[in-house]
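Let me give you the structure first, and then I'll get to my questions.
Letters A, B, C, D, E and F mark the chains in the order given here, with residues in each chain numbered from 1 onward.
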């Protein structure tokens, strides 16, 4: 279970109201490669990880991504909270405002609702961990695109921190993949429903 | 941010492997009125709640629903982990196995991926809290349908506990709605973009 | 069955062509809390309502929402029919024009197709009627956001009328909920598949 | 606007409770080629039809499809209303029951929610009417598949009637297409944004 | 199986970088009536076509639509490849850039992911071929809307060519429909599961 | 562009009609990790690959996956073509038959339509190639689950061949990733919109 502690993993600040930037920031909230996708990909995969170490890594990383989601949501909220509906409309957030008001909703910048089709869990730890490494690369690339999209130094600092964390997670998943592969090569382990000859 | 503590909110046991029941249990994992919908409806709405008390209620309830999600996922995992692929197929979980193996995935019993279209956040606290009360009623009804679907005493105990919690949350949201309505009637508060005459 | 009568529930006028406003008006056509969601939520729920009175209320209200849908669609059509493709593109409706031309399509302002994932019917009349009360609150909030988004007096008059109706429906559903609850408390009624002890 | 009259277009009867058949019947309720798709395809296209005759045909046909939707929904309801949850589960409707109880929901037999992605409106009357002719052919084929799936004489009678109506609608749309084509060839009409030379 | 040959069906040129136009061009890449929908509608339907001639027509036309998809994707790529992220954002492609960078992704101009809900295959050759004729009309109308949206002579030449091909395909499908209808009227053929009296 | 050659990449045979297996085989046709997802992930990513070698690898691999899709579709078709509607229904393919007849449709075994939300293209070659490696691992795992689900020697031979190809592709993408990384480290290359200091 989770316990909520009433502060962000790292403080968040914005230099000014910036609705257009807020829209793009939604990328890391409710888009395919955002923090929500990351956290739930990892947490749901944990149920079928074969070792305590990999289970723990997935839940801990997923939990950290939840903290990142909260930071990204706070960033979005700060960037629009002083705007008027007219300013939202002028800056391209009119559709979002019409449907969700000032709320921080789980959708992409274009309004597409988040779907678990963005993520996968197969019960095969090698496949799942490779998927996780890909997820981190895609999130890293997304943060780089966002960094290309703003000069606000406060927002950039947050984005850089979050981008950095994805690189660290990528490393951790790579190590876990090696760990899992040697675990699976060991004679005492076979997957459910699979005979050893099928494993080639 | 959240901290993960390595135990369930309440222990979960199953009397026997039961793939057909596991399939139905997915209802409370990745269906419209399941625990995942509940938690993210509440947590995302918290950003625009007007008082500290309502913000805290939404995040705390959302966090408790995450604990319930973990219990439901554990239930699903326990109900199928000793089955063979052939047993999964015979008991109607063949499609799920083919696409997701033994993983606990965020979809409905029929395989439909979870989507944020199931939930809403409007930034209007009266609308959002009424939505939350409806969510609790729908979850209560879902647990009652699941209780109609099994005689496993261990599973029933978990489901009854979870159903009970929905009733408690319903009460809490009702109180919060009254609190918000008196807050909004007070002269010091107006919604963003709304003049007082528009509020009638 | 339904009979179509060839006039709107209430006449609709617009002061001028306004493509940007038309886009936002789609909110009440094909968005989660628009008239289409409302009508089909109510009409489909009617099949399992336990009394003639609640069945009738749901079908009648759903049918009125169809009339509102027609008014909203007419509004959209009037706001864009004199525009050129170039004007549509300049005012942010270029994507809609590219995919659907001048048609009034069942999607949200951002282009997301309508899905029945926005609505729910559980066969439990208490849950369903609470869901309907939430729907009316969300629609009320949506009309308020639209009222914040235009000064066109003709459009505002239509939106105000439609907003008003949602408030009336909310009251009606509240009364129906009380009616259903006393009906269910009466000794002669039990839900399908539920024994009395399960109902606590 | 529409007026609801409290009887079906044609009476509906079922010979016996048949959950498995009910599941398949959902095809004509919430599937791509069901009555709901048909009615909303036609009604939404009516806004941009170029002549009074075609507008009226689309709204009238769409309204008749709503009556068919009500018949199909009633059929589904009659086929399952006397079943127990256990019977629903045994006959393959367990997922539907878990998520929607005994409700008649707008989804396909497999549980996929209805989406407006199933239909199209382009504002081009030739394209839209050809789409409508295809819709009628697909619905005709769907009723033939359902007729292959049951021997219940009462259900077959309803399905045969509904199949027959699709064939009639197909003819009507074909005539309307010819009417529209001669209208468009007449010198007084040009499409919005299109110069005559573009029309080749 | 398919063999890739390393040139376009017809060369593609653009006069200048034009991000706003690129966005609209996505209509024919990943929208309901774009080239991707066309190709996969035809190719998947081929499995159940009753004659070698209709099988071949569907696969050949579907394969040509793949070539068109490549041309449309190349057009999109050429129209944006020299833009900066800031230019993408200013011209309304900021959301697309944030989520997919400079990639040519299978979505609509508004960002909605492509879904096979846009297409249908029923195994009934009359229904399927009528669906294909409708698809060609809708694609023709889409190209006409795009032609209304740009003066770039190079892009217009490509769009005109592609529009022309849809008209040709429409004719071919019409001929195939006649061929199938006479084939089905011949005494030696009956559909799977259907007795002759059911066919009326 | 592509040229269709009228034979499969490798012949396909089935030992007997097997509807239940056919349903599972749909996994590799229209599921998240099936051949369709693979081919379109690779082909669409090719537009932004930085070198001729990586462009060619992605298009060639994507084209081979199209050949695999055709093999899988043929397998599905062979496994059900001699069944009656009643047999389809008894073996759990009744929903599919009701909606799509005997057609080979782009959906998952449970009926969920294919969506491009399953795939991603980011324009970042490192992220995209890592995504591709994950795709191959997931497809490999899916084929292993299918191999666990049948004893039909003919079907197993096809599935083993296809599984083998995924392993080969995984190797190729790994080599391409190394190639891209050294290319990007070379001084002559910088990504669009990115200054060298941003690349850390």
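Heads up, the rule we're going with is that contacts are C-beta pairs under 8 Å (C-beta built on N, C-alpha and C of every residue); 3 or more make two chains touch, one makes a residue touch a chain.
Molecules present, by chain and UniProt name: A, B, C, D, E, F = Catalase.
All figures in this text were calculated on a predicted structure; none of them were measured in a lab.
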Each chain counted as touching chain A and chain E at once: C, F
Any chain that touches chain F and chain A: B, E
Chain pair with more C-beta contacts, B-C versus C-D: C-D
Angle of the C-alpha superposing rotation, chain A to chain B, to the nearest 5 degrees: 180
Where chain C and chain F are represented by their mean Cα positions, the distance between them in whole Å: 41
For chain E paired with chain F, centre-to-centre distance based on mean C-alpha positions, whole Å: 21
Chain centre separation in whole Å, for chain F relative to chain D (CA means): 34
Where chain C touches two or more other chains at once, by residue number: 32-33, 85-86, 92, 101, 110-113, 115, 117, 120, 122-124, 141-142, 145, 148, 193
Chain-level touch network, classified as line, ring, star, complete or other: other
Contact pairs between chains, per stated definition: A-B, A-C, A-E, A-F, B-C, B-D, B-F, C-D, C-E, D-E, D-F, E-F
Chain E residues within the chain F interface of the complex: 1-5, 7-9, 30, 40, 44-45, 47-48, 59-60, 63, 66-67, 70, 73-74, 77, 81, 84-86, 100-107, 113-117, 119-124, 128, 192-193
Sites on chain D touched by chain F in the complex: 20, 23-24, 26-27, 31-33, 92, 108-112, 141-142, 145-146, 148-149
Sites on chain F touched by chain A in the complex: 32-33, 115, 117-118, 120, 122-124, 126-127, 130-131, 133-134, 137-138, 140-142, 144-145, 147-148, 193-194, 198
Parts of chain D lying in touch with chain B, wherever the complex brings them together: 85-86, 89, 92, 94-99, 101, 110-113
